[in-house]
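Taking it in order: structure first as C-alpha cells, then the write-up.
Labels run A, B, C and D following the written order; every chain starts at residue 1.
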Amino acid sequence: MNAGVVEAKSLNFYYGTFQALKEINLDIGANRVTALIGPSGCGKSTLLRVLNRMSDLVPETRATGLLKVLGRDIFDPGYDVNDLRRKVGMVFQHPNPFPDSVYENLVFGFRIAGVRDREVLWQAVEESLRAVDLWKDLADRLDENAVGLSPDFQQRLCIARAIAIKPKIILMDEPCSSLDPIATEKIEELIFRLKENYTIVIVTHSMHQAARISEMTGFMLLGELIEFDSTKKIFRNPCEQRTEDYITGKFG
Amino acid sequence: MTEAAMKEIILKAEGLSYAYDRPGKVPNGPVLDNINLDVERGTIFAIIGPSQSGKSTFLRLINRLQEVTATGALSGRILFEGRDIYASDYDPFRLRREVGFCFDKPLALDMSIAENITFGPRLAGITSKDDLGAIIEETLRASNLWDEVKDRLSMNANRLSGGQKQRLSLARTLALHPRLLLLDEPCSALDPISTARIEEALVSMKARTTCVLVTNNTKQASRLADRTAFFLMSKLVEVGPTKEFFTSPRDKKTDDYISGRFG
Amino acid sequence: MEQEFQRSNTFWNRVGTRLCMTTTYSVAGILAAILFYLAWKGIGRLSIGFFLDSPIDLGREGGVFPILVSTLLLAAVALAIAVPLGVGTAVYLTEYTKESWVTMLIRFGAECLAGIPSIIFGLFGFILFVVTLGMGWSILSGALTLACMVLPTIIRTSEEAIKAVPASIRQVGFSLGATKSQVIWHIVLPQSRSGIITGIILALGRVMGETACVIFTTGISMEMPSSLFDSARSMAVHFYILAREGISMDMANTTALALVFMILLVNLGATILFGRRYSR
Amino acid sequence: MSRDDRKPDAATVLETHPPMPGAPATAKDLSRREKIIQQILSLTAFSAVFILGLIIIFVFKAGIPLIYKVGLREFLIGTAWSPTQGEFGILAMIVGTLEVTFGALLIGVPLSLLTAIHLSEFATQSTKSVMKPLIELLAAIPSVVFGFLGVVILVPFIRETFGGTGFSVLSAATVLGVMILPTIISISFDSLQAVPQAYREGALALGATPWQMVVRVIVPAARSGIITAIVLGMGRAMGETMAVIMVAGNAVVIPTSPLHPCRTLTSNIALEMAYASGDHQKALFATGVVLFVMIFLLNVLATALMKRK
C-alpha cells in the first residue's frame, strides 16, 4: 500500500550554474497527500516540476542523482517523457484550460493518445467531471468555451482534465493561490476524495492548507529538503529548529 | 486634543467621498465614504488599512494626482493650508509642487541622477547651475543617498538599486521643497536596511515637511507616526494619537486589524 | 495498439520539428544567397568614385553622385513631413484619447493607408501634387507622396514605443508639477525614443527602396537637382532603368549592391544602436 | 564636486526664484497652452484619415468616369485591352493578379508558418537572435532588387527546367512568395509568442509531444493572428508592382498555365502610365480603383480578424 511511488536519492538540480535543489532524499508513498512547504524561492515548485520533467521546459537545466518515479529512473535517456507525463498529471497555479470547449479540454489527453472511440471519450468526460463534482453544473454546457468559466470551475476542470487519462500521481502547484476561500475549500474537499485513488503531491504557500489536507509534509529551504515527516510531527514537534522557526512565523 | 488645537492644521478633509466613473457599468459603491480628518503641520500622519480600503485613493486625491489617471465623482472638500484644492481657481500644477508624492514602487526617470532631481525645479523655472547643484546636494543628503552617489551624479538613474532608487524618488520629491509630503507605501518594495534609511530621513525632516504616510505595515506606522488613522472598506474607522491608537483602540475593528486577525 | 500510436506520435513529432527547422534554415539560406549574389556580382565596380562621380552615357559609365544626393534629399524631406505627423498622431492616440470611435477611425485609416499599394500612392501623388497642385515632377511631389506612404509605419512603431512607457513613470512627472505636455515632452518621448527612431529608420529604408511611386512623382532626370522643385532620379529608379532597359548590367549590379548595402547599413545601425526592432 | 563651503537651502532657492521669464505662470495660462497643444495634436492625428480620404477622392475622381463610360461590367469582364483603340477590358489583369497572388501564398505561407513555428517554439535563443534580424533584413531589400534577381536567376532557371520563356506566373509567384515571407513570419511569430505559456505547460503535462502541442493547442490559439498575417501578406503580394513587372512577362492574356506570361493590375498601371493620356490615362486610374477596392476589402477583412483576437 505504501510502496514508494517517488523515490529520490541525493537529487541535485541546476538552472545553468544556479543550484535549485540540493541533495534531496525523498520517499513518497502511494495514495496519500504529500505537501511541500517553504518560503518562496526554496525550490518546492522546482522539485514538483522535476517529478514529471516539466523542468525540461527551461533551457540549460541539469540534474544529478537518482529520481525514480513509479519504479523507473526518469532521467534515463531512453525514458519516454511523454509517457511519464501521462502517468504523472499536473495542476498549475493558475487555471489553464485551453481556449476550446469544455469537452475538448477533457478529451485532450485521449486525442493526443489517438483514442477516437466516442463511447470511451464520453465515458471519460462524465467520469472525470463527476470526480471533480462538476457534472451537474457542466453536463449541458460541454460546448461552452472553457476560458469563459469562473476561476473555480476552470481549476476544477483542469483537475478533471488531468485525471481523465487516469494518471497514477497528480502534482499540484499551489492550486488554490488564485482562488477565493470558498473555492479553495471546494478544491481541498476534492483533494480529500481524490487521494483514495491517486497519489497527490501538492506545493502550497499556506501552512494551514498543508496541515489540513496532507498526511506527509516536506519543509524546504534554499533548495534543501530540511525535514520530511508526517504532517502531525512537522507541525507539532519538528526535529529541526529551522522548521519550527518557519512554522511559527519567525521568518518567511 | 488640547495640544492639537494649538497647532496649525495643514491638511483637512471635510466629508470627503469619492467614487470611480465606470462608463456603462453600475457604480459599485464609493471608494471613499465621508472622510473627515485633520493633519497638523510638523507631524507624521500614518494611514493604515487592508488593501482596497481606499487609503491610496485618498492620498492621490490630496495632490490631485487621481484625476490624471482616472475619472470619478468627488464630494466634500480637501483644504490645504486653508484653501479648497478642488476650487475652480486652484492651480493643480502649483499644488503638486507644494505637495510632494512618493510612489510605492521605486521609479527612476530614464535620465541621470542629477537630472532626476532637478526635473521638478527646472520645470518650476530654476535654471542657474549653482542653485540646481545646491538642490541636488541638499536633497540627496536629506534622503540619505549623497554618500553613495556623489561621485556618479551623471550616471543613468535606472542603474541604481531598488532601495537607492526609492531614496532618489524621495530626493526628487524634496527638490521642490514641498510643505506636505505624501508617501504611498514607500517601503513596500524595499529591504529592511533601505527601509530604515528612508524612515530616518522622514523623521529628520518632519519639522519642515509634514508627512502623510500610507502603509501596509502597522509596525512602521507605530514607529514613525504622531497620529494614525485606520481605513476599512472606504470608511475612516478610527483616528488618534499613535500611542493611544495602538495601545487602546476604541473600535473593535481596529483592534482586530492591528492584532493581525484579518487583512 | 496504444504502443503503436505512441510510436507514430514520436515519429510525427520528429518529422514536424525537423520540417520546421529545415524550413527555417532554407529561409535563412535564401536570404544569404541573395546577399551573396548581390555582393559577388556588384563588388567589382564598387568604389568611392562610384558614389562621387556623375553618371556618363545614361549611366553606362561614371557614378551615381547626383542620384545619391536626390535620394537623400527625397528621404530627408519625406521624413521631415511624416515624422512630426506620425509621432503627433501616436501621441494623440496614446495620451489624449480613450478608446472610442475616434481612435478606431484613426487606427482604421492608418491600417488602410498601410495596406495601399505603392502604385496607388504613385497615381495619387501624380494626380494631386504633380498635376492638380502644379508642382510637376519634382523632389517635393515625390517626398510628399512618400511621406503619405510611410506615415502609417511611423504611427504604428511610435505608438508601440509610447505604449511601452509605464504609466507609473508618467505619474512621477505629474506629481512633480508637470503639465501633460511637459510629461510627454520631457519624460514619455525621451523614454520611447529608441522605438520611435527604429520606426523612422524602417521608414527611411522604405523610402530609399521605393520605385513605383517615385517614378510617377519625381520623374527620372539624372541631373543634380538645384531645388526641391526639380525633377530627379532616386537610386532605386536608376537601378530599375539600368536593369529594365538593359543599359548596363554591370552598372545595374553595382547600383543594386550599393542600394541594398545602404539600406542594410541603416537597418543594421538601428539594430545595433537600439537593440530591439519593431517589425511589420 | 564638493560644495561643503556653501550649502544654500533648497527652500530659499525656490522662493528667491520666480518662475521662468516668459513661462506661463497661472493655471489658466497653462491649461490654455495645454488645450492648444491638444488641438494641434488632434489635427495631426487625423492626417492619416485625411490622406486616405484624399487618395479616395482623387484616384476615384480620375478613374470612375471612364468606368461609367465603358460600363462597369464591360470594364471588369472584358478581355480586350487596347486603350488606344478604345477597348478597356481588364479581366486578364484581374485573373493575372489573383493567380500570381495565390501562387505567392502557396509558396510563401507554408515556408513562413513553419519558420515562425520553429522560431517561436523550438529554436534556441541563439538561433532566434540571429534569425529574427535576418528576416527583418529580408523585409528591407527593395522590391526592384527582388525583381532583378528574379530576372537574372529565376527566369533562366524556369526557362531551362520547364521550357517557355521563363517570364511567367510561376516566376512572379515565386518572387512574391519570397517577398511576403518577412511579413507573414513576423506577424505570426508575434501571435504565437502571445499564446500564454500556461497552454504549453498544460498540453505537455498531459503527455503531448511538442509537435502535438503546436498543432493542437498553440496554432489554434494563435489562429486569428496567423490568418491576419496571411491576409496582410496577400495584400502585399497583390499590391507589388516592380518585382512583378520584371518577371511576369506582362502579356495581356488570361494565363491558363503557370508557365504562361501574365500581367497584373499593378503592372498594367506602371507599364503604360509613362505615355498614357486622355481616356487611356483615365483607364489606368480606373484600374487603380479596382485594385484599391480589392485591397480595401482585404484590409477590412484583416481588421475584422484582428479585432476578434
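Before moving on, here are some points about what is shown:
Everything below uses one rule, namely that a contact is a pair of C-beta atoms (placed from the backbone, for glycine too) under 8 Å apart; a residue touches a chain by one contact, two chains touch by 3 or more.
Just so it is clear, the model here is predicted, and its values are computed rather than measured.
Averaging C-alpha coordinates per chain and comparing to chain C, the farthest chain turns out to be A. If you compare C-D with A-C, the chain pair joined by more contacting C-beta pairs is C-D. In whole angstrom, the spacing between the mean C-alpha positions of chain C and chain D is 12. Each chain gets one centre point, the mean of its Cα atoms, and the points for chain A and chain C are 51 Å apart. Averaged C-alpha coordinates put the centre of chain A at 43 Å from the centre of chain B.
If you average the Cα atoms of chain A and of chain D, the two centres end up 47 Å apart. Of all residues in chain C, those that touch two or more other chains are 9-10, 179. Multi-chain contact residues of chain D (touching two or more other chains) are listed as 30, 209, 212.
Annotation for chain A: residues 82-83, 112-113 touch two or more other chains. Interface residues of chain C facing chain D in the complex, by the touch rule stated above, are 9-10, 12-13, 15-17, 19-21, 23-24, 26-28, 30-31, 34, 37-38, 84-85, 88-89, 91-93, 96, 105-106, 108-113, 115-124, 126-128, 132, 148, 151-152, 155, 179-181, 202, 205, 208-212, 215-216, 236, 239-240, 243-244, 252, 256, 259-260, 263-264, 267-268, 271, 277, 279-280. Listed in rising order, the residues of chain C touching chain B in the complex are 167-179, 182, 186-187, 190-191. Taken together, the chain C residues at the contact with chain A in this complex read 2, 5-6, 8-10. Residues 124-125, 196, 198-209, 212, 216-217, 220-221 of chain D are the ones touching chain A in the complex. Residues 63, 65, 68-69, 93-94, 96-97, 100-101, 103, 105, 107, 109-111, 119-120, 123-124, 169, 172-173, 176 of chain B are the ones touching chain C in the complex.
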